[in-house]
Amino acid sequence: MKLRHSIMLGTLGRYADRFHCYQPARSLEERLIDIREVIKADGIEIVYPQDFADERTVELVKKSGLPVSAVNVNVKSEDKWRRGSFTAPDEKTRREAVAYLQTGMDLAAELGTDMVTCCPLIDGHNYAFEADYTKQWRWLEEGIYAAASHRSDIKVSLEYKLNESRNFNILSDVGRTLYLCEKLGLPNLGITMDVGHALIAKETPAEAFSLAAAAGRMFYLHLNDNSREWDWDMIPGSVNYWDLLEVLFYVKRLNWSGWISYDVFARDGHPIETLQATISIVNNTIELLDKVGQDKLEELLAGGVAAQTFAHLVKSLL
Amino acid sequence: MKLRHSIMLGTLGRYADRFHCYQPARSLEERLIDIREVIKADGIEIVYPQDFADERTVELVKKSGLPVSAVNVNVKSEDKWRRGSFTAPDEKTRREAVAYLQTGMDLAAELGTDMVTCCPLIDGHNYAFEADYTKQWRWLEEGIYAAASHRSDIKVSLEYKLNESRNFNILSDVGRTLYLCEKLGLPNLGITMDVGHALIAKETPAEAFSLAAAAGRMFYLHLNDNSREWDWDMIPGSVNYWDLLEVLFYVKRLNWSGWISYDVFARDGHPIETLQATISIVNNTIELLDKVGQDKLEELLAGGVAAQTFAHLVKSLL
Amino acid sequence: MKLRHSIMLGTLGRYADRFHCYQPARSLEERLIDIREVIKADGIEIVYPQDFADERTVELVKKSGLPVSAVNVNVKSEDKWRRGSFTAPDEKTRREAVAYLQTGMDLAAELGTDMVTCCPLIDGHNYAFEADYTKQWRWLEEGIYAAASHRSDIKVSLEYKLNESRNFNILSDVGRTLYLCEKLGLPNLGITMDVGHALIAKETPAEAFSLAAAAGRMFYLHLNDNSREWDWDMIPGSVNYWDLLEVLFYVKRLNWSGWISYDVFARDGHPIETLQATISIVNNTIELLDKVGQDKLEELLAGGVAAQTFAHLVKSLL
Amino acid sequence: MKLRHSIMLGTLGRYADRFHCYQPARSLEERLIDIREVIKADGIEIVYPQDFADERTVELVKKSGLPVSAVNVNVKSEDKWRRGSFTAPDEKTRREAVAYLQTGMDLAAELGTDMVTCCPLIDGHNYAFEADYTKQWRWLEEGIYAAASHRSDIKVSLEYKLNESRNFNILSDVGRTLYLCEKLGLPNLGITMDVGHALIAKETPAEAFSLAAAAGRMFYLHLNDNSREWDWDMIPGSVNYWDLLEVLFYVKRLNWSGWISYDVFARDGHPIETLQATISIVNNTIELLDKVGQDKLEELLAGGVAAQTFAHLVKSLL
């Protein structure tokens, strides 16, 4: 198990929901300095095309010395994606989505990582009788296949999410994403599991992790939390602490190595403080695994009696 | 499109939840007569082993003249399944679950149908650190593969469901079930889609139907309804009427032929009345499709503007 | 029963969520003309202070000849409300929230209506151990009491909502709002029921309407729809059609008179088209009540057997 | 703060859901011995009329020396309540529900407690157009008023719950229950807060506790847990650990004294083991409050920055 902590550049920038703007925009330079010198993270996740609006981006990132964990390809925000990206009814738009993913792959190579991650958040539907479901899935398959075939040295990691911006996103859960990967059969295709997305999809995050890992497709991990009804992007473990512990238990048990990135947004206080707390909580939770005892947990798991397990777990907190 | 209505024998029998018993037990003979002569359904769905407790069952069913739509294999109710069926930690129990499914397949053949349906409702977990997710999924794959390989002339149709009896069932949604089918690669393996289960899994039923149909795995359809939070087994269309209409639109559009079975339980009034209403509602909704206009719906779907679609839909109701 | 349709000015303006901007900003003049001449609504709902940024607002509204259904007081969007409005820990901020509501009341009088509506969307909490619940509720009571006491000729109608922007809003459901009204005892204090908010609070909208009406506090009605998990602000009846029908049945049954306002946002197509469809759907659904038969519905209600009710309802659609 | 642990007799008896029977029935004697000698609880909660089926019940309970925390009046299970109890359309049934509650009050006095608790789980509705909401609420008010007026020395504590057995229970959340108490104005009327019920009503349990306590109506506490979608009656703190900690923080902060009863059912292992673990977890969590520091928590609460709070909380677990 080798884990590295990555900060999404966006989590240090402007943040607004429908009703309120919580955080102001901040320059790329400023954010890179904070990540390296204050947060002391191991790397960054960077969004294409938004974070590349400034043409000095590649240069600034390289100069920062911070490794890039993944290029996150955004196919949802711009006007052109209004009716969808990989599943837009318009063929030209679908081709553009593929091109975005391919450009992201090339940028990843240039920035020294082997990973792009992409969450197709505007592919799906809001209303009944609004989208042609049969075509949409075929277009998704075609688009992802075309993009991932672009080059085999870069992994394409798909991030599933139940809803937002669409009421029903097409790539909604781990099973569906694994089905897509299995059907397309490309070895460089895999999964970004965001714990918050697993929770709103009514999954058990550690179970989704295990399922994707067993398929050899557990590529990239996003940690955060929520109350299982909406993707609030909260501090990991701040709601479902046992789920965080269990995810890290499986990470260790399956000897998974990779980047952990944090889709955590601050609505109170400063984002730097939030991200520092985030990394400290994850490290301390890994330490708690030792306190509880990985072997003891294996033994309790084999027993399968929740009363024994939780009596032990809570006692271990004292 | 050729549709036939099937009645689950259980929906005319005893019905109780944790707190209240709503319907008394009734004899098999009585129920068969009601289905044929009062409800006038096209066939029945029968549960193995419970409905076969009486050794005259095969004879009684044959004598009734009612075709069997599917044998429903129950691997959840008996004591022996307490810790799971296909994913029980005990190997002997897992083998027994496989044997049940195979016996169900043989019974199906004997009763003149080519379909068993099975909803593994006790495979999953309730608590964190209770089940070994990695083993569970492997056991599920092994068990389903072994069972479905028993004979290729009988279809094994898996019914997914998010929860109940487990807080988290392992076969929770359509994507995961398609992944399993795709991975095992057996042509006689497919999906029973229960509209109520799709709703609690936060799916759009018509979309799940289309996805399974495109994979050639949409074997069997259960209709009912709920408010998307729990599987109340309500009358079809009584909550999400547009979803029922959209499912039937896709049934027609994809020219799907098969059995529609009704997992609908009466908590008020008599089950006969409930099932009569159920079939009448489905038939009338198919008729409404004509009133709205299948071509008009295709046109609205191509337009993709909900305002136009719903203005037309509601106007059509007058 | 006398119903009038009101358009929220905001629904014709800029619209964006976390990830995408769906509609551009439009001038007040333009919107007033559209409402009067294209949508042909009966009035408008206007937001203080945002819609009053232009000092000509009062003049423009009066000139338009469109009645104002209510002044909607926004105590959530501006920076100053970051930590809450009526329940902000800072006393000066709490006083400012009260002042906003009072100014809204005066503006209402000036614009010829007797109603302000207010949804305190930033009062609540996101995390455990973040807010002092005991103080928060007391502050809410004090603030609302102070505001509503400002003048008795203007009704203060509180709009409850489960969440957003807070993970947990303090004024979350109809029961809590009625409790507040009852406790404060002011006759000019009542409830704005937004059907979408009722749905995400897991209420039955018609039941919430009946409860508030029986208490003499059902002041103002917002129609829209969603799938009961998030406030998507969809076209009324586009998901839960029977709920819309049932709300309108109670409106008629209780002979309720008042404004219906539409918190409906267009993410596809033009807002004008969406709002036209919205009003047409509501009018046609009122007409459907006649087709189904208000008396027949009373009879079915008295019977209380869902099978009979829904068989009749669906048959009526043909 | 003086807390006492009570065991519901039912949690040691037969336990079944729709699909599986998890625990066999056990005699009253046996259960009383287990509670006193093995679990070593401080008292019992007993159900009228079911636990009084045996005419020796009062004698056996008295002989056991175990104090009774409350008599739990069951108005849901028997056939007669099929259409409701306090809100049944049939007047005689409604009067019988009132009589049950009054009998429960007399039994409470006889058994030496001042508390009955009642969760009206069959009052509400399943379908649209099934219940007359206006009458139902009036009947609820009349019934509860009549019952609680029976004698002022016994507290009537109402337990709210969102759903089950009805899809929509009428007494669904804390706000509505407080509204009822406030409206009826009887000082012996209050609230049983079940943490699991608060969670499925999308409440924050500690907030609901604080709200009821501030109104002087926080009478009785049920602890258990679930994933906020269904009342699984799990071990307290096994899902939402921070919520358990926060509830106990408010119990201590508000110096609340009373009985804590455990609506916790074992689906794996023996109920004795489950209830022992339950009490141990609650006691250890109270101890954890000291380890974290009640004063430190007050300080973090005053700060209101989740990053600081959760960094501290998780660090405290090591």
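A, B, C and D label the chains in the order they appear, each numbered from 1.
Here is the rule we use: a residue touches a chain if its C-beta (ideal position, glycine included) is under 8 Å from a C-beta of that chain, and two chains touch if they have at least 3 such contacts.
Just so you know, these numbers come straight off a predicted model, no measurement behind them.
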**Item:** When subunit A is superposed on subunit B by its C-alpha atoms, the rotation angle in degrees, nearest 5
**Value:** 180
**Complete:** Of A-C and B-C, the pair with more C-beta contacts is B-C
**Message:** Taking each chain's centre as the mean of its CA atoms, which one is most distant from subunit C?
**Reply:** B
**Message:** I'd like the Å distance between the centres of subunit A and subunit B, where a centre is the mean of that chain's Cα atoms.
**Reply:** 34
**Request:** List the centre-to-centre spacing of subunit A and subunit C in whole Å, with centres computed as mean CA coordinates.
**Result:** 35
**Message:** Centroid of subunit B to centroid of subunit C, CA atoms only: how many Å?
**Reply:** 39
**Asked** What are the residues of subunit C that contact at least two other chains?
**Response** 83, 126-128, 130, 163, 202, 227, 229, 234-235, 238-239, 242, 268, 304-306, 310
**Complete:** So, in the complex, the side of subunit A touching subunit D is made of residues 202, 227-229, 234-235, 237-242, 266, 268-269, 273-274, 276-278, 280-281, 284-285, 287-288, 291, 304-308, 310-311, 314-318
**Touch list for subunit D against partner subunit B, complex** = 16-22, 76-77, 79, 81-83, 121-122, 126-128, 130, 163-165, 167, 226-227, 229-230, 232, 234-235, 238-239, 267-268
**Prompt:** Along subunit D, where are the residues that touch subunit C in the complex?
**Reply:** 83, 89, 125-134, 137-138, 162-163, 168, 172-179, 182-183, 201-204, 206-207, 210-211, 213-214, 242-243, 245-246, 249-250, 254, 297, 300-302, 304, 306, 309-310, 313
